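When the chains are written out, they are named A, B and C in that same order, and each has its own residue count from 1.
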Amino acid sequence: MNARLARAASSLAVIAVLLAAWELAVGYGLLKAYQFPPPSKIARGFVELSLTGFPTGVSLWTHTGVTIWRVLQGYVAAILLAVPLGLLIGALPVLDKLSAPLIVFCRSVATLSLLPLVIVWFGAGELTKVVLIGYGCFWTMLSNVIAGVRYVDPVLVRAARSCGLQGPELYREIVLPAALPRIFAGARMALGVGFMVIVGAEMIGTIQGLGALIMEARTFYRSEITIVGMLVIGLLGFLISSGLAGLERVLMPWAGNLDQVRR
Amino acid sequence: MSGTALRSNDLALGLIGTLAVILLWETSVRTGLIDPAVFPSPSLAIAAASERLTARQLGENLSWSLARVFSGFALGALAGVLVGVLAGWYRRFGLVVSPLVELLRPIPPLAWIPLAIIWFGLGEPSKFFIIFLGAFFPVVTAAYQGMRSVDPMLLRAGQTMGLSGVPLLLRVAIPAAAPDLATGLRIGWGLSFGVLVAAELIAADRGLGYMIIAERNAGGSVGVIIVGILLIGALNLLTDAAIGVAIRHWVGRWHGS
Amino acid sequence: MSCAGDISMREPDATPQAGRRTRAPFIRIEAVHKAFAARQGGELMVLDSIDLDIAENEFVSLIGRSGCGKTTLLNIIAGLDAATSGRIAIGERPVTGPGQGQGVVFQQHALFPWLTALGNVSFGFRKAGLPLEERRERSLELLRLVGLEAAANKYPREMSGGMQQRVSIARALALDPQILLMDEPFGALDELTRIELQQELLRIWQARRKTVVFVTHSIDEALMLSDRIVLLAPNPGRIQRIFEVPMPRPRSRTEPAFNALYDEIWSELSS
């Protein structure tokens, strides 16, 4: 425990020193305030963003809410589709083999490259962004659900078989629970993907949302607002992934740490 | 991926599945189930693309994209390996660097675009920077983790052979961390690629991403867009597969118990 | 491939007279203490006042219950750990670190997984600064000695536990070490392989005379292999008793002398 506290303390110290040095550097003219807005300016920007908003009237919380809402819609839709489909494909090896190259390919398509196409289909509105996020999340989630089901430890399956389980019962009682850690890992990854997609998607053709915020701010030379936006995005991403990791631990206390899961 | 080779059965089934989908796509457009103006069939898309684009144009955009992603990845990966390995090996350096990296890591590379433009302007350097970031973070994390999880017994064995300091790092620690490093590089490449496309969509005047969005902005053919998308997807897949083969050869041979 | 019992001795070894050292000590361990800082404050004394002389080409085993510090002592001789106080010298030179002529074989083989058997053994020849071809030759020779010439191009993960330990021994020998330190090298292997490797080790030791310090928790193993057995007691680690093993090799588990000594050590251990 002591070691952890010490590390945390030294990390904070490093960051504090960096911030202080930064502030001084700008103060002494070593760094340009426009390119490297000092922490004090960033803090003021944060306050402005929270209260007055940028553009005026659209507060930080509105932007954040819009972004989260978009991600949520796409993400949930993707999960709802991917899980049953993945469970089905995973259950039937033939289906898996038939669909494997296709799934791998669709996953390899850079989600954002679909933006122009989706705009042609659905215009430049909300639906476009949700569809895009949904696409990105879907294939990641699908791959992981399938993998989770397919790569259940054969020892477990054998043990279950020798207890007389087979077929759908085996699938339900043994394979599904054993696949859960991987499925959750997939859910976490998918959210990460969705998050990355939305940031990019919001940089074109919209003025609300965190991605839009940081782009707009640049156009008006408000670099400190851009940085606030970036930090909020980072914080959001961090909270989401640790939140999900925590949820995983609560729901599946028996599972080990799967941060090392390789594809 | 495990080290098992693809069996010809699996390959055949995969091929069948893919062909089936392509066929389905083609026929549904021909029979009018899907409006060809909205979602052209493969044949139509390729035809449209060959009309609107010359091979030279395509080649030019392709080379620009590839050059960007290769150079950005190379430098980002190199920096990531250097920083990650040194941070993992020298505790003090790690204590200083680690909080900074952890702080910046959750910020998606694309979120850096406006800042990159502020710092480097609208030209190549800003795109290079974003791709650099795309490679840097996964690689530095993997390198750091790899170094921290080197089996101490291996280091002891190296010491009994008279190694210490830098030679011990180079001849024992780094090879031991190679599997983690390899995975990090593979992930970094995938990310760089994705970032490349997005960056080209948002702020570029050449490259595959640009090609797609320019077509859309010019109100041109959906076929070109689709061909562009598919091409990017295929490139991503091929390069990733190539990396996978390289990893299996250099690492897969000896890794695992 | 050697089989148990198939070893022919050219002559029985010269067995030192019980209690009297006729040769100059090669390894001198004088008044060695080792203490660790305990978590709750204060000190944890792991080794207390160890005095031991080991003659050249002698085979000495360290045995004792867990916590008696035998591995710590071995690590100190190997230079991987430093004694808190006291002196250790190998051939008159004080031990200041690893890689000074101590060849070590660990319980977990610690072979470099990215190198083949040949590669691992050649690694030991690095320091000698020999040309590549000669390194290869000498490495093959050592692999032949441990009976693994055929597996030269295999990676550790393709080898069984017994094979891995043989390669470890070959690699340690490649250093041409003055002494060989072995920390329960056969502990992780199955019974049959263990017995086989004990015989192998004796054969190798006969062929390439080295001073050996061998840590084991098996009285049986110690009796099969050693000239002397040092029994360590735990909390704090100290020498309880030293046994001479004057039996000529090859030794048999059915010999009355063997069993008598076994019982003696056993009762000393359990007292």
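Just so we're on the same page, contacts are C-beta pairs under 8 Å (C-beta built on N, C-alpha and C of every residue); 3 or more make two chains touch, one makes a residue touch a chain.
Note that the coordinates shown come from a computational prediction; the quantities given were computed from them, not determined experimentally.
Visitor: Leaving out chain A but moving nothing else, do the remaining chains stay as one piece, and if not, how do they split?
Guide: Result with chain A masked: one piece.
Visitor: Could you see whether B-C or A-B has the larger number of C-beta contact pairs?
Guide: It is A-B, judged by the count of C-beta pairs in contact.
Visitor: Give, as an integer number of Å, the spacing between the C-alpha centres of chain C and chain A.
Guide: 54
Visitor: Just give me the whole-number Å value for how far the CA centre of chain B lies from that of chain C.
Guide: 50
Visitor: Report the inter-chain centroid distance for chain A and chain B in whole angstrom, where each centroid is the mean of the CA atoms.
Guide: Taking the average C-alpha coordinate of chain A and of chain B, the gap between them is 17 Å.
Visitor: Listing for chain A: what residues touch at least two other chains?
Guide: Within chain A, no residue touches at least two other chains.
Visitor: Spell out, as numbers or ranges, the residues of chain B touching 2 or more other chains.
Guide: none
Visitor: Name, in rising order, each residue of chain C that touches chain B in their complex.
Guide: Going by the criterion above, the answer is residues 78, 80, 97-100, 102-104, 106, 108, 110-115, 123-124, 126-127, 155-157, 172, 175.
Visitor: If we count contacts the way the header does, which residues on chain B are in touch with chain A in the complex?
Guide: The contact residues of chain B facing chain A are 1, 9-10, 13-18, 20-21, 38-39, 95-96, 98-100, 102-115, 117-119, 183, 193-194, 196-198, 201-202, 208-209, 212-213, 215-216, 222, 225-226, 228-230, 232-234, 236-237, 240.
Visitor: Which chain B residues qualify as touching chain C in the complex?
Guide: 151, 153-154, 156-157, 159-164, 172, 175-176, 178, 251, 253-257
Visitor: Note which residues of chain A are touching chain B in the complex, please.
Guide: Per the touch definition, chain A meets chain B at residues 7, 10-12, 14-15, 18, 34-35, 94, 97-102, 104-106, 108-117, 119-121, 195-196, 199-200, 203-204, 210-211, 214-215, 217-218, 223, 226-227, 229-231, 233-235, 237-238, 241, 262-263.
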